[in-house]
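A single structure is presented below for examination.
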Amino acid sequence: MWMIRAVLPGVWLLCLLLGLAPTAQAQQQTGQGQALLESLDAPSYDAKAEAIEAIIVSGDERSRRWLDELLGGKLQRHKDTGRFVIVLENRSRNWPVIDALTFEDAGEMSRRDLDRIGINNALRGQLQSALAVLDLYTDDVDDRRDAARELLGSVDAPMVEPLREVIASEDDAEVRRLLEQALAIHRLEQGEIEAIADLEGSLNSRVRSALNSATRSDDPLVADAASAALADIEQRLRINSGLETLYFGLSLGSVLVLAAIGLAITFGVMGVINMAHGELIMLGAYTTWAMQQLLPGQPGLALVLSIPAGFLVAALAGVAIERSVIQFLKGRPLETLLATFGVSLILQQLVRTVISPQNRTVVSPEWMSGSLMINEGLSLTLNRLFVLGFALVVFACLMLVMRRTRLGLEVRAVTQNRAMARSMGIRATRVDIMTFALGSGVAGLAGVALSQLTNVGPNLGQNYIIDSFMVVVFGGVGNLWGTLVAGLSLGVINQVLEPWAGAVLAKIIVLVFIILFIQKRPRGLFPQKGRAAEG
Amino acid sequence: MWLMQPFNEGATRLFLGVLLACLALVTVLHLAVPAGHPLHVSAYTVTLLGKYLSYALLAVAVDLVWGYLGILSLGHGAFFALGGYAMGMYLMRQIGDRGTYGDPILPDFMVFLNWDSLPWYWLGFDMPWFAFLMVMLVPGALALVFGFLAFRSRVTGVYLSIITQAMTFALMLAFFRNEMGFGGNNGLTDFRELLGFDLRTDATRLGLFIATGVALALGYVLCRAIVASKLGRVSVACRDAEARTRFLGYRVERFQLFVFVVSAMLAGVAGALYVPQVGIINPSEFSPIFSIEIVLWVALGGRGTLYGAVIGALLVNYAKTVFTGVMPDAWLFALGGMFVLVTVFLPRGVAGLLAYRFKGQGFKRGSNETLSHDISKEASA
Amino acid sequence: MIPSNPYRTPRWLAASLLSAAVATPALAQEDPIKVGILHSLSGTMAISETVLKDTVEMLIEQQNAEGGLLGRELEAVVVDPASDWPLFAEKARELLAQEEVDVIFGNWTSVSRKSVLPVVEELNGLLFYPVQYEGEESSENVFYTGAAPNQQAIPAVNYLMNDVGVERWVLAGTDYVYPRTTNKILDAYLKSHGVADEDIMINYTPFGHSDWQNIVSEIKDFGSQGKKTAVVSTINGDANVPFYRELGNQGLDAADIPVVAFSVGEQELTGIDTGPLVGHLAAWNYFMSVDTDVNYDFIDAWIEYTGDEMAVTNDPMEAHYIGFNMWAEAVRKAGTTDVDAVKDAIIGVSVPNLTGGYAAMMPNHHITKPVLIGEIQDNGQFSIVWETPSTVAGDAWSDYLEGSRDLISDWRKPMECGNYNVVEGSCGGSEAETE
Amino acid sequence: MSFLSSLADRDHVFDFLVPATSPVDVRHGPILYLEDVSVSFDGFKAIDDLNLTIDDGELRCIIGPNGAGKTTMMDIITGKTRPDSGSVWFGSRHNLLTMNEPEIASLGIGRKFQKPTVFEALSVFENLELAMAADKRILPTLTARMTGEVRDRIEEVLETIGLEALRNGPAGILSHGQKQWLEIGMLLMQRPRLLLIDEPVAGMTEQEMERTAELLTGLAGKGKQSVVVVEHDMGFVRSIAGTVTVLHQGSVLAEGSMDQVASDPRVIEVYLGADPDEEAA
């Protein structure tokens, strides 16, 4: 293994520089290609490694494609004919394939007859860095940066010289810095103490690994220097981790807020204890899944579309619930709790029987996966970042609706004095429907967001219903601001506790805290004061 | 003597009569009628009924606080489970060296988690009297502390319901932790004998069934006695017009606390009777969903009429048994539908229906239209 | 549905609880062989267990197509324990006492097995348990067709240690008995192989844990200490999706810190976007991608049965496949479905598994299995990167726990003991007095 | 020596043993005494340093437009609401601000709500029974028995409020006026020193009003109860005479006989002129 790691990318780089790269002379006898691939189809991974090396050296222009497909596990071989093919789509039983040598369409083949040319993590790692080297020559700066980052910790003797030249010709400072560090790590591995200077202050985890292993070096000087550099890095990391925890907290909080805000309306404003709220969230999530099924291949678009769709579906479901159950339970909130609990059971089992008891896959679009790098040590996961933003937007919109629109006015009127509102010509029933639809719709939105974070399955709802109630009650029933503050603060508290208390204990502590808090402030963070609130 | 009061009530006499008759009937049909005969009641059924009865006792406890005190506790499962754990710990100690590892003191799960000695809170549970005492004291103590805090600061209506839910939820998470020393998710199981009786014999099962029935009868009488006393009337007063009751000079919070604790203890007893019959106790009994279900039994049977709670508990659980057997894939529809229909169309539950027939003592009070008052109050909370 | 179900009478609604219960005679139907299926169809475990119910039903169908067993029809008796542990015990009792089934296939979680165990032992039934579990148990009436720790965890760790060169270990699991025990065994095993204390990080999370931010970043940090690091995950079902998503988003790819999971199979992956997970590992005794004809036939049959082109198979399904065939074989051998006869007959029975080899029932009621390590592919399948040269026999009592090191289990006469203590030379514990 | 004899004397009550609920001390005249009381909800001043003195045995009417703070004032006296500032004394011994509702109630301050609140699920008889002045701790309540004298007392009150016939019916079925009376009856059962009565004749017929008027005037008097009536109905107020206090925006606007206040220009202005914070509170 080690040997290959050493040789592989270097060789690749060398032949690039010697100019026999994918533009090289066209030795197009498929014979050679066949032979190269034959050698790939070897039992041992060492043999495979050598084969890969051979492919690289061959400078065959198809090699890049081959390596990519090999990496993706799509390069396969027909058991009987021994023909090499590239699988295009490998989900059902018969797979469309193209010829691996000519890249021409080869119809469909049954997965029974195909042998995958397997690689393992070790090989994968090396292939990646090999391909990374290639990317050093693309025009896109970001690709070059990623490539350079990929090379951290995988530089070796034969690469050093060529890399130097690359650095010389590289115009992007960031890429240069990264490559310098890559070299430095290599030099450090050779025991060069000066190398440490180049690594100081880098928060990149691979750099830290390198330094860490350097601290175990036999040369005491190197060891000390390394640990010194490390200490400095750790220092910076501490600040980072502080920020990180805060972000974690806010992100968890935003989830809680999203889940609870719909409840804050149905429960806080209408006084309806909707136990099916969780299932409405679930419906939103399933809508996202459905949209992605309808629009295969473009998860991003599907996700965007499912925002209105999710809202609608959940809202309609809400209306159905309101008409069929809740309207009969006016002024009996605790009864609504019981009835809607029944509804939630039904909805869950409905999903199980109609769709499936299994979880469904919801794909994250490109622009929502990965993370936004603030610095080498601190990066914010994109999906959560989006959810956080989404939560705030939803909240803002709700505030607008409640404060600025006719509906909001009527809602507040009806909740404060039904009879009075009626006599002033407000159609209370209609308002009820609208309010409940609104709350449910928001739940649907929560579902859409949650589909990006967690399971989309029949149990999705149950996992959030209790937390949601906690948040609303903690924040003060009937107060949207309360819900926002409560959700975010609970999230942060939880995440701050977690590192030293552990996940379970943290949650318990939070619950106990809520209980005690309610003792102190029986009406939550932002209670409604005055006689109106009294029984 | 106030405890004897209920025996003068027609309704109570009727209820006790039916209950005891059923106990006798089942016993006879189980012992006298030969197996295979269509009228034979199998040991399986007996245990099942025993389980239902312990649920019924639990429902009575909940109805006492919800029906008569207007406190909707979504955390009574916690008291039930605590009682169950107290009993479970006793049963675990009874296993002695017959566990898989043959350790004379430590339960199996402690052995393979490398506990070298019993944690302090397991001490004494080898003595039945102590364990049975704990069955009531532990839930009682929790109720006392929790209730004291809650009622003192006048947490009412929905707020109270939600924090009771928080309480049981927190306890569930806590008991899931293996460090707690209660067997974590697996809980306590593999029980062998209770007071020297082998739990795996039908005779013991019948005994447990009868014991549960008697416990239910006693619990019912106790609750009726409380309800029929002046204290019961004060509770109803607290339920319907808390402020007014205060201005009459009653310390509402103390009355609430008293009834709450009594109810918690009853729930504990129910749990203790439940465990040896189902053969396992684990944190899932703490789950808020279970507590909500209990409330549903009461609502379905008819809130504010103790016997209604009993009917509700029996009906729902029987239905559950039947459905999960007859329509495994669809039983949740049936159950869910049942809850919806009853709450919407039978606001007074099954008891409401019965009430049209008889109009005896104890049927009048606490029927639902009189509840509208406190509920609209809860609405504003 | 269940023709012989006593509750079928619509009377139940009208009739009071007792009278109806009284009117439920224990019908003893002679003709069909009754096979009880005890898997949750609702509640949290339905996600994993429903397919197992379908699997057994399919196997029964096939068996009947081949003319049943001993010339008798097979008949499935399905009940729903609803992921509710006490209900498991109750339903087991119903199956054995009321329905008088001849064998039960069922359970997933350890706790459900533990709650069923006393019932099965008391009523002397047969239970085939298809899921990998923590070991430390051997019952006369239970047959463990899933993997014991030495058939999954230990080989996986060996692979990581020797082939991947991992030196630093994160043992992450859901807080219940299976991960606890497995991690204890692994901890002991790793230490015995010279892994230092500070190179092992153990972490437990509650069921359905959905917020992994902190833990993943801890792992990330733990992994940046200059030693090759791997995560051994015993995280249970539902919690995996958010866990893997977080891994992907925080940029921990398999090349840096591989995760080897013991509870994530094809079924679970259907709920995950596997794109970011390519290269992470799982250790099982069967993968859908196993390249044998018997497996392809099984898959085809399964797709036929479910009518879903995308339907996937997984390890517990294979376990049921093996268990069912073993039981059928034993019944043929014994010429009767009588429990005791079958119990004796089944030891030593060996049937083909789906990976091209054979599975044999050991005297300790565990079976022999090959151990496969697979890497997750972008299509939700695993590509097998390593497998044990030969099959491994399941070990009821781990050699790495001092509590059970000296215990062995052998249900053949004359020993007939699930926990024989070779040091004291006595059969300590449970079965001693029930003989 | 006298100390020893006092020890011997079993009826002697030591000062330090005198409980807070000892008879109210009215030697200095006023039985209720509010000074500079202020309270505000979310910035809105419901009571704005209010000063009010009720003499022992006095019958006092308090009028004022909505939002004048009448009900809030009652809340403060009965301990339901705590003022932001000011002091409230019952007699010259009891500082009401240090007590909770039950304590205040057992001191002998009874309150009738604006909206008649009786225990609708309980029978009229039971309503009165609960109101009865008695040991209201838990165990005594649990074991309480219906004695002859209790029964007599209840019958007596039933008579006063004219509900003998409906004795056993649930209070829920009573008419609005009857509920008002029942509530007053419950106050009487408490044997209070001070009665706070909020809008007693709201929704009553003429005759009912007259009966109520008699009832109230009958109650008040030296050594008996002092009565504070909050009422909108001028006719009724005039009919029961007594001193009238006009509240406006949380403080006293005018005080005196009905005729005096009726002729007071500011009062007229308040009642006729549109009030800025009509809907407030």
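We call the chains A, B, C and D, going by the order they appear; numbering starts again at 1 in every chain.
The rule is short, and it goes like this: contacts are C-beta pairs under 8 Å (C-beta built on N, C-alpha and C of every residue); 3 or more make two chains touch, one makes a residue touch a chain.
Since the structure is predicted, the reported quantities are computational estimates derived from the model, not experimental observations.
Enquirer: Give the identifier of the chain nearest to the protein's overall CA centre, each chain being represented by its own CA mean.
Expert: Nearest to the common C-alpha centre lies chain B.
Enquirer: What is the chain whose Cα centroid lies farthest from the Cα centroid of subunit D?
Expert: C
Enquirer: What is the distance in Å between the mean C-alpha positions of subunit C and subunit D?
Expert: Those two chain centres are 73 Å apart.
Enquirer: Measure off the straight-line distance from the CA centroid of subunit A to the CA centroid of subunit B, and report it in whole Å.
Expert: So the centre of subunit A lies 44 Å away from the centre of subunit B.
Enquirer: Need the CA-centroid distance for the pair subunit B / subunit C, whole Å please.
Expert: 34
Enquirer: How far is the middle of subunit A from the middle of subunit C, if each middle is the mean of its Cα atoms, in Å?
Expert: Their C-alpha centroids are separated by 30 Å.
Enquirer: At least two other chains touched by the same residue of subunit A: list those residues.
Expert: Residues 348-349, 504, 507, 534.
Enquirer: On subunit C, where are the residues touching two or more other chains?
Expert: As it turns out, subunit C has residues touching two or more other chains at 41-42, 175, 204, 206.
Enquirer: So which bits of subunit B are touching at least two other chains?
Expert: 173, 176-177, 243, 329, 332
Enquirer: Quick check on the complex: what are the subunit D residues that touch subunit B?
Expert: Per the touch definition, subunit D meets subunit B at residues 78, 80, 100-102, 105-106, 110-111, 113, 117-122, 126, 129-131, 133, 136-138, 141-144, 170, 172, 186, 190.
Enquirer: Contact residues on subunit B for subunit A in the complex?
Expert: 72, 146, 149-150, 152-159, 161-163, 165-167, 169-170, 173-174, 176-177, 242-243, 288-289, 292, 295-296, 299, 329-330, 332-333, 335-340, 343-344, 347, 372, 375-381
Enquirer: Quick one: in the complex, what on subunit A touches subunit C?
Expert: Its residues touching subunit C are 1, 72-73, 90-93, 112, 115-116, 118, 120-122, 124-125, 128, 205-206, 208-216, 241, 244-245, 248, 251-252, 255, 348-349, 352, 357-364, 369-371, 379, 381-384, 453-459, 463, 494-495, 498-499, 502-504, 507.
Enquirer: Please name which positions on subunit A make contact with subunit B in the complex.
Expert: That would be residues 267, 271, 273, 275, 325, 328-329, 331-335, 337-339, 341-346, 348-350, 353, 462, 466, 469-470, 473, 477, 504-505, 507-508, 511-512, 514-516, 518-520, 522-524, 532-535 of subunit A.
Enquirer: For subunit B, which residues count as touching subunit D in their complex?
Expert: Listed in rising order, the residues of subunit B that touch subunit D are 2, 226, 229-231, 233-234, 236-237, 239-241, 243-252, 254-255, 258, 364-366, 369-371, 373.
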